[in-house]
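Heads up, there are several structures right after this.
Each of the next two complexes has subunit A plus one other chain: subunit B in the first, subunit C in the second.
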Partner chain A sequence: MSTTPALTRSQTVRRVKWRGGLVAWAFALPALVFYVWFLVAPAFQSLVFSFTDWDGLSPTYSLVGLKNYVLMLTDPIVHTAVRNNLVWTGVTITVPVIQGLLLAVLLNGHVYGKSLIRTIFYTPAVLPLVSVGSIWGWLYNPQYGAINEVLRAIGLGGLAQPWLGQDATALAAVIVPAIWLRTGFPMLLYLAALQGIPKELYEAATVDGANRWKQFWNITMPGLVQAHLIVVALSLIDSFKVFDLIYVMTYGGPGSTTQVIGTYMYANVFQYYRAGYGMALAVSITIVAIIVSIPYVRSQTRRDDR
Partner chain B sequence: MSGFSRRGFIGLGAGAATIALAGCTGAGSAAPTAASSAAASVDGKGKTLRLFSYEDTTALPFVQSVAAKFDAKYGCTTTIDNLPGSGAAVYPDKLRTELLGGKGPDVWRIWGGSIGSPYAKAKQALDLAPYYAKYGWDSKINPSAIAGMTFNGVKAGVPTVVIGVGCWYNKTLFTKAGVMAPPKSYAELETANDKLVAAGITPLGTGGKFGWDIMRLFEYLLEHTAGPDLHDKLLVGSSSWDCPEVVAAFTLFKKWQDKKWVPEGALGLDPADIEPAYVQGKTAYAISGPWTESSAIQAAKADVAGFGVFALPTDKTPMRHSGWVEGLMVNAKSPNVDLAAAFVDFFVSVSSQAEMQNTSSAVNGAGADPAKFPLSAEWAKGPGQDPFYTIQDQAFPKLQADGYFAIQSEVLQGISTPQVAAKKMQDVIKSWVQS
Partner chain C sequence: MSATSVEKRATRVVAARKKRAGVVAITVVLGIAAIAWLSPLALLLITALRPLSDYIANGALTWPKQFTIGNFAQAWDVGNFAATYRNSFIITIVKVPLGVLFASLLAYAIAKLRLPGRNIVMFSVFLGLTVPIYIAILPNFVMLRQLGLTDSLAGLVGPYLAFGISFEVLVLQSFFRGIPDEIIEAARVDGASAARIFFQIVLPLSTPALVTVAILDGVATWNEFLMALIILNSNNNKTIPVGLLNFQGQFANNTTSLAAGILIAVVPILLAYTFLQRWIVGGLTAGATKG
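So, the complex of A and B:
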């Protein structure tokens, strides 16, 4: 005979929920440990180092307070890098997203060779960025590169430029392959999202006399709201991480013309032996990236909650 | 960061003539008995060593062969990690990352001057003074080269290479343009350039992507306009860059581009692509070191007789060229420092240097084999014996060097006038000196 008093219904529900919660945490724990150990702890360490004058090699360092952050405000290369990051972000979100959307809409119907076209547009997205940078570096070669060769061949030799070797064109020249790389991803996402829009809506709109333009704005675009959010948010996050293409194609040059925060941070930490300052740059860009990611993360979390 | 005494550079360059001479005399080539017995006392059985280097693909097999012989002698296992082709722009980054990761190489190759200095300052590189005494390196290796790997009095490296850069040219293209002999003065060099351009040939193959390659042109022009004394003072910041000689050098620098004596869009070109172009017949010459004989001429299976080398004429006395020191450092945290030092000793033996075909060896008695490397041997016996000024990307810390490269870039693009560039250079150097 049990002497334990009978549990009320609400107590039972609470206990089950508590146990269920524990199970969930138990499953998440290994991943959380890795996450904290390999991401949160180093990030926190970087935050601490951003308040020091550590050179990145020596065993000792001194605390310098906010000096590194104040220095950023007057560093002309930081200004250039921030400006370049903004230009990069604006262009490499807008152009690939619009191109991806247009391609998705065009490929959504019955198009001959659709799979091949999709593959062609998506393939650049899976190529290693270093390879892409090297290939485009050759294409841009002022004397022997294909771009200038083609311009000369069609009588537009006057437009041939040292694309990567002058301030006026270097950043734009690096952005072009970035656009080429990043068109495939939104195209795929939009294509998937387009499959989810009921065909009946288009049939009804057609019956009501709506032309394709009106259908696009009143059915397609509202139906892609979630896709827009994902595409723009991921593209935005991706833009803040720009490093590889710049590093491979221009090394931040000519001079410091194509420096972005990522490459300048790298230069400070790994080349100038100013790890404290470099980490202050890293912390700053991380904070900005987190802030702009919040709407996306919240939307995803809300959707999961539902 | 400037752990290496700035004044140390002057002494380094001034002793270069001795380096080249000693390299050909064979003095001190016999390993001291004490050193041999010291090496024999090292037990390498079952131990491992890792060498991190930046050998080009033609040199790597020779280094691997030397490492294999070392392993056979000591019963250890030496692995070689190699990062060729990036130059001083990338290699130190990877080395630094490995060292910070706690699993750095036991021995690494590195440039001297401001590139090697941070590793000594941070005490990542072992103070090798006891091993200098143990192995008698002071008598095996030229003292001036040792000075290039000594940082604030600490012998943190053992020099293996002393390199001087000269003008490596394509004889066929020179002849085609009517340039029948290497120029003996700067005026003759300009005349040769004009003839080459008139013949449809780009004279100098140089690329500004990382800054350091096209820098070799500017530093040459600075030696021509400023002369040895002022050039040395400029390099250590004891004389202002805002002076007529620097303005004149920047003016000439721009002239080289405007007259198409360098490739179109040179600033955006990768040195690895454009420097060997003189072998391919796309440019007439390159400002390079003796490694180009194996890595460019012989690698392309071109006839060495079709190429030549001469010192860029400065019209100054003494005649100098750009140069630098490279060597090996030992990881202060290596669990096998004795074995690592034994490896360094094995590496700098005359026989190992000969096997590695080191055409610019810092080891007394080692040098280019005239049968295998006739041009390098010609350089070593001739212009290579002249003193050198420290190449500028080793004279300046990377931060200042990048500031300097940015100014070079602005001059070539016409963004800064030579006068403005000289003032900006003074600002860059002043901030370094003050720090």
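So, the complex of A and C:
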């Protein structure tokens, strides 16, 4: 090698590098082909459809510019859906995160049957959402449902009502199962993160006379900053995807009381044959979801540069 | 023994007893909460095991006067679970290994092969985690109809692969990154090709991560609803979630059989979760604890 001129060596390096890049792309290709074919390309096609008056069936359609988006602004059902999406997002993040944190802190101390309790709280999260919807639809049944039965049994029969069937309670009633199934995930993440906080910090604080409450705010919470960010980011991402539960339990009803963007989009595309309009709804919420989650995605990309 | 040391010991015993009382109290509180959490499923099981007449006469909250497994037989037949089970099983068995293989190839290219344009690829793939899949359903439906793949399990394979890749790559590339470069370098010096290094060294070293990803992807595939709802029409081609929806409509007034049907639909997932939860929990928390 010592006789090889410098120029040729750099050429060789470049060639090796180029071949290495080719090999890397050969590894990357199968997954990327499917990813682009069935997710990226369709997403951009949806964007194109959102500028048309397509009904979803006819072979032809014409471009209508931003008409669908303008229409959304004055559609009262869109207003309801946006409000419901916001309520859904707010409640299904705060309540499960606080409950999950509380459970994790309690489970992190000395408790009997720790792993059994942990298992139970995460169980609803693995069930198909359709079955979760079916279970709760049954619990809410006005006549035979267990929830009204409980109310009657404890003498509050007057409060028994068709929870899913009336405007006043329908939204709250579809949110409760979401809380049921989403409490387990933050619990698991917080439990894992709590293991990372050194025990000595608590011992030192106890010696200094800090009580449990002070320890929680001055040691536990600062130690969980990373976990908080990830839990909130993932919950936020998840909350935009709401569809299955509402589709199964109320189909957006009664009227349009529990309509969210996902279900209203579905109704437009597959029921009202207003595919262009439905795609405009899908594109809008996707753009919001992407913008909101970019910090998380970048943190995942950057974190691994280290 | 001096008086003070006896006193000290007494305080220590009292403190220990106090501590144990605290542990018991917390356990009781958590236990009650856990029972409440599980009560919908427990109620479902009890209801599925009683005759409809008993349920209607005595209500959901009573202990059954009579037990039966007839509801399960009825639900199994009417719900067409023989077909939906088979279909969910086939799609999971076909999709998950393919998905994990493709995702691990891409993850390895990102983590160890200095993929040109790596950051852009990573960013675009991770962005897929955040996109609601209903952005892609209509174009997918149109494309699959043109290919003659609607109302067929084969039509689900492509979209399911695409939907699962982001999460699989996220977990796997972070695991691959932890494999020491020296191992790979040593194999390369010995003349092993990139493919050989990947299949004979990297994959065997990554079994825990591969199993975790496969299980989580299996659960997601088994549970997927929206795409299956759009693509599959005839009863014999439906997967469990779509079949269950159908069944729910038919059995609105036959509560005990409905409960049995819901249980039939969730039992495989519950069993998988119970036996494989070590992997599930590890995989879910892996991303969050590093960082």
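Here, the second predicted complex is superposed on the first by the 282 of 306 C-alpha atoms of A that agree within 3 Å, B and C clash if a C-alpha of one lies under 4 Å from a C-alpha of the other, contacts with A are read in each partner's own complex, and residues count from 1 in each chain.
FYI, contacts are C-beta pairs under 8 Å (C-beta built on N, C-alpha and C of every residue); 3 or more make two chains touch, one makes a residue touch a chain.
For clarity, every value in this text was computed on a predicted model and none was experimentally measured.
Asker: Between subunit B and subunit C, whom does A:162 touch in the aligned arrangement: first, second, both, or neither?
Answerer: first
Asker: Is A:56 touching the first partner subunit B, the second partner subunit C, both, or neither of them?
Answerer: both
Asker: Applying the touch criterion given at the start, work out whether A:69 contacts subunit B, subunit C, both or neither, answering first, second, both or neither.
Answerer: So A:69 meets neither subunit B nor subunit C here.
Asker: After lining up the shared chain so the two structures overlap, which partner does A:202 touch, if you call subunit B first and subunit C second: first, second, both or neither?
Answerer: Touch status of A:202: no partner.
Asker: Who wins on subunit A residues touched, subunit B or subunit C?
Answerer: Of the two chains, more subunit A residues are contacted by C.
Asker: Touch test for A:254: subunit B only (first), subunit C only (second), both, or neither?
Answerer: In the superposition, A:254 contacts subunit B only.
Asker: May I ask you to decide whether A:142 touches subunit B, subunit C, both, or neither, giving the answer as first, second, both or neither?
Answerer: So A:142 only meets subunit B here.
Asker: Kindly classify A:27 by the partners it touches after superposition: subunit B alone (first), subunit C alone (second), both, or neither?
Answerer: It touches subunit C, and subunit B stays clear.
Asker: Could you look at A:267 and tell me whether it touches subunit B, subunit C, both or neither (first, second, both, neither)?
Answerer: first
Asker: Both subunit B and subunit C contact which residues of subunit A?
Answerer: 56, 137, 141, 266, 270
Asker: Show me the residue ranges of subunit B that touch subunit A in the complex, using the header's touch definition.
Answerer: So the residues of subunit B touching subunit A come out as 1, 89, 92-93, 96-97, 99-100, 118-119, 121-124, 202, 208-211, 263-270, 273, 282, 397-399, 402, 405-410, 413, 415.
Asker: Contact residues on subunit A for subunit C in the complex?
Answerer: Those residues of subunit A that touch subunit C are 20-21, 23-25, 27-28, 30-32, 34-35, 37-43, 45-46, 49, 56, 103, 106-107, 109-113, 116-124, 126-131, 134-139, 141, 144-146, 149-150, 153, 180, 185, 188-189, 191-193, 195-196, 226-227, 230-231, 237, 240-241, 243-244, 247-248, 262, 265-266, 269-270, 275, 278-279, 282-283, 285-286, 289-290, 292-293, 296-298, 300-301, 303-304.
Asker: Using the touch definition from the top, list the residues of subunit C that touch subunit A in their complex.
Answerer: 19, 23-24, 26-27, 29-31, 33-34, 37-38, 40-41, 43-44, 55-56, 59-61, 101-103, 105-106, 108-111, 113-116, 119, 121-140, 143, 158-159, 161-163, 165-166, 169-170, 173-174, 177, 194, 198, 219, 222-223, 225-226, 230, 240-242, 244-245, 248, 255, 258-259, 262, 265-266, 269-270, 272-274, 277, 280-281, 284-285, 287-291
Asker: Which residues of subunit A touch subunit B in the complex?
Answerer: 55-59, 137, 140-143, 161-167, 170, 250-251, 253-257, 266-267, 270-274
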